[in-house]
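All chains are identified by letter, namely A, B and C, in their written order; residue positions are counted from 1 within each chain.
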Amino acid sequence: MRQMTLLAVAASTTLLLSGCLGQEQDSNANRNAEAKDVTLTITSNSVAGGKNALGAAWITDWVIPKFVEQQKAKGVNATVKFDGIGSDDKEFKTKIALDFNTGSGGDVMEIDGIWLGEFAQAGQVKPLDELVGKDKVDSWDGWGQIPDAVEALGTFEGRRYGIPIGTDGRVLFFNKKLFAQAGLPADWQPKSWDEIIAAGEKLKALPGVTPIQLNAGTVMTEATTMQGVLPLLVGTGKQIYDNGKWLGASQNIRDVLGMYQRVYGGGLGDPLIQQEAKGRDRSFALFAENKIGILLESDYFWRSVVEPTKGVAKMADRNTAVGWAQIPARTPGAGVGGQDFVSMSGGSIRVINPKSQFPQQAWELLQFMNSFEATKARLAGTAQVTQRDDVNEEVLSGDPMLSFIATKVLPTTRFRPGLADYPKVSSALQQATADVIGGKSPDEAAAGYQEALKKAVGEGNIAGG
Amino acid sequence: MADPGAGAATVIDAPAKVRSVTADVGGLGRVRALGFVTPAFVLIGTFLIFPALWTIYIGITNYQLTGPNAVVPKVVGLSNYLEALDDALFGNALWLTLVFVIGSAVLGQNLLGFALAWTLRSARPWLRGLVEALVLLAWILPGVVVAYLWIAVLDRSGGTLNALLGTPGTAWLLQYPMACLVVFNTWRGTAFSMMLYSSALAAVPPSQLETARMVGASRLQTVRDVVFPHIRGHVLTNTLLISLWTFNDFTPFLLTAGGPNHRSETLPIFIYQQAIGGEGNGRLGYASAISLLLLLANLVVSLVYLALLRRRREP
Amino acid sequence: MNALVLRRIGYSVFMAVVLAFFAIPMLWLASAPFDSRPGLGLRWPEWTLDNVGATLDHPYALGSLVNSVVLCVIATAVTTALATLAAYALSRVRIPGRDALLYLLLLLSSVVTGTAAMVPIFVMMFQLGLINSQFGTALVIAGGMLPAAIFILKDFVDAVPRSYEESARVFGASPGQVLLHVVLPVARPGIATILVWSFVQAWGNFLLPFLLLRDVDEQPAAVLLQTLRDEGGSANLTVIPVFSLLYSIPVIVLYLFVSKRYGFRFHGGIKA
């Protein structure tokens, strides 16, 4: 008797402990397809008066009323709610992971494209084909407007999971005023890493100026990887994940770390900024105060940071003072795919929650949010590289920087592998740069990276090193 | 209290009085006592013990917030613990936590709290009121706000400390992260010790202090030989509580985020980095195991205090 | 004589250093909110009230403060009331293993308030249907604070002279009346301390409300303060200083009120 009770307790505990972390679901794609009363929720990392406030306003003031209207015309009584969060990416990810684990959260969810792999591998998000039906997904006319490289953001193992929201590109921003003082050209375009260093050496002569700021260290988290290690790495001809293997401590990694040493060991960069809790904000402010010569950043820096009216670190003379150049490969032609110039890109995607009670209607909403009109409305007069070619054509022409991104940078760019192991690899790379700044040699730091990588992904999944 | 001396007496000659402490003079009775205790314990049971046990269970699995291990976590026995013992960052975090607790709680808050309580006894009322108000303000302001205040003090460019010391460009939080945290937490938490010692000192019979003065004892001697025996129980309880609170304090994260390069990554921050931050990427199995180790560290601290307390009680 | 002068000087220097040490960090809270270009550092402000206007215009700023008050009042009331009852019973009635139990709970509370327990707490609250419930969130916060509150209060109650209760019993008071009219008034400073302590703890709690309250309209100020960022995600320094000030005022008011009304001292104090 007693054993029975124990067994029952054990069983129910196991059920409670593991069971409710992964629940069964109704997988019929057509559930509630004919419903007349529909409730949908949009989850997004944006909030009025805070992070990505424009995006939040777009959802509440444009998407929701227009969509409800559109549904009403079809005789459907739709209620759409907005679940805006607006916090740090890590915390946002934690929150939506808990949602997926418990089967709650919005019907349409906005996630960073880089998280797709983890959620997909866990079955927490599902391919659109499965959720709404292949013919319905394929028949959306919007796919034709989305470049393949951008569409890949929402694709995992060859299947579409979501629709990207847009993308970005990374370039070297530089301060033309400082360049003029240092005798450097206003149309600077380095063709190799040596030329970057050479420009840095000239800028070094200016008092109170940090020549080059290259994101590094663990405090900067993903900014180190995306605006530092990976753009350099593709400039050596390798990607971090290729042919099913992660890149170990090969010569390429050592070259990248060597570049960090040249910048920070040679007094061209300020190693302290990189380690401050608000170091990235600080680097923005210093750039705006004409105290940083060259900064590797994404076009977000142009759109939202030094933007003359609303930016975080406004530069009234942005249009004349800020220059940009493509990121060169280590030497011409040494970049990935034999390229002379390289970049890295990322972007968010919108997926449908597999636990949605109204998958068909959620798909309609998703299409609606990615229509030409909606995409254009989202920009609210600002310029940004969206997912749609037709919108880009119309809005980017007025902005030389973003046209540059769309025409020059995106054709040469690469994306990160959206795999569950990626964040661990990324933090191992961040640690390696922190080690170099802390005084270790590139070889020592690379060896540490190799160890961390082994622990993170297993020896069998590492190439080179 | 009407008779502060009586309270102190229970501390000193314990065995005889301890029994009287538990005497049910209010006529409560066991049943009614149970009724009084039940609501609190239901809440504690539901929202504390149950999640705590569950956390301990997760500590023996490879559960992760995302990825395949989120859906089918496997029991991996003690491997999380073995990994922790082998993890240089865990050792680092444990060591930094000890530095933090000993530096800011056991020494910083304790000593400054006592010094303030001792000197303020004879201070003018306005001065006493002002100091107490400031010290208490530091204690009750919300952590996020306090973090901003200290960033303004320690900031590299435009920070108050650099302006005062004439050391422009010194990045205190990067060059001396642990020292900053120790000073910060001393500032933050001294109020509790100060209040506790103020009341404890009130229980020291003035006649004994007078006698000490008459025989020409120095201040240090007076504190050691006359005051300390009276407040020993208070010192122990105070040190226990502030140590435990400091052990689990997460506010340093807001100042240094554990950096630079893990140089201020105390255990709660380490756990956060494993559970939410980039390093562990939602490795909750590992984070839970570390949490249990943190609990064990707390337990060791408590046992040391209890041992000291017992030794004091046994003549 | 000379020694006395030296002593006086030493005393004054000590007091001046202490005052400076505790006061200087607070200056930011007095200057940055009213500076036209607030920064992370301290400087003499270019006075303006624009930031105040910007903060009050923020769609969730005031609402979040109201939410904080609701959340913290519930959590504090539950903690203080239940801890007082439990502390009194535990102080007066002998229960075997009582001290060990209290220590154990104190230790467990430190684990559960950490980040590792978030999944159990989230999943449990989800199963109980308490996601997005301010009341539920307040209960979780209270559950985490209760052990320390009981631990501290029990010592206060231990110090209440038994003779008071005995006399009350002689005059025929029921145990409830004894607690209400004899013990509570005497233990009032202790209860006041717990009240302020638990309110401050709940007021600053970020992670639990962040995870358990989905709706921005329900979220407290601690959560909002973390979301005060601009378009791109950098700290919004126009709003943060003013909001920090607004966010600090309730705890200060509570302290002043409690301190004036009940006296904020430990008196007999806590001891083992």
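As a convention for this text, a contact is a pair of C-beta atoms (placed from the backbone, for glycine too) under 8 Å apart; a residue touches a chain by one contact, two chains touch by 3 or more.
Predicted model only: the values in this text are computed from it and were never measured.
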| item | value |
| --- | --- |
| Selected interface, B-C versus A-B, where C-beta contact pairs are more numerous | B-C |
| Distance-maximising chain from chain B - centres being C-alpha averages | A |
| Chain centre separation in whole Å, for chain B relative to chain A (CA means) | 39 |
| Rounded Å distance, chain B centre to chain C centre (Cα mean) | 15 |
| Chain C residues counted as touching two or more neighbouring chains | 40, 118-119, 226 |
| Overlap residues in chain A, where contacts from two or more other chains coincide | 21, 91, 94, 98, 101, 278 |
| Where chain B touches two or more other chains at once, by residue number | 54, 58, 63, 65, 151, 275-276 |
| Interface residues, chain B side, partner chain A - complex | 54, 57-58, 63, 65-73, 151, 156, 171, 173-174, 254-262, 275-279, 281-282 |
| Interface residues, chain A side, partner chain C - complex | 20-21, 47-54, 83-89, 91, 94-95, 98, 101-102, 104, 278, 280-281, 284, 300, 304-305, 310, 312 |
| For the chain C and chain B complex, residues of the former touching the latter | 11, 14-15, 18-19, 21-29, 32, 39-43, 78, 82-83, 85-86, 88-95, 103, 105-121, 124, 139-140, 142-144, 146-148, 150-152, 155, 158-162, 165-166, 168-169, 175, 178-179, 182-183, 186, 193, 196, 200, 203-204, 206, 222, 225-226, 240-241, 244, 247-248, 251-252, 255, 264-272 |
| Interfacial residue positions of chain C with respect to chain A in the complex | 40, 58-61, 118-119, 122-123, 126-127, 131, 210-211, 214-216, 223-224, 226-236, 239 |
| Chain C partner contacts - residues on chain B that touch it in the complex | 1-4, 6-8, 10-11, 20-30, 32-34, 36-37, 39-41, 43-44, 46-52, 54-55, 58-59, 63, 65, 112, 115-116, 119, 123, 127, 130-131, 134-146, 148-153, 155, 157-160, 163-164, 187, 195-196, 198-200, 202-203, 231, 233-234, 236-238, 240-241, 244, 247-248, 250, 268, 271-272, 275-276, 284, 287-288, 290-292, 294-295, 298-299, 302, 305-306, 309 |
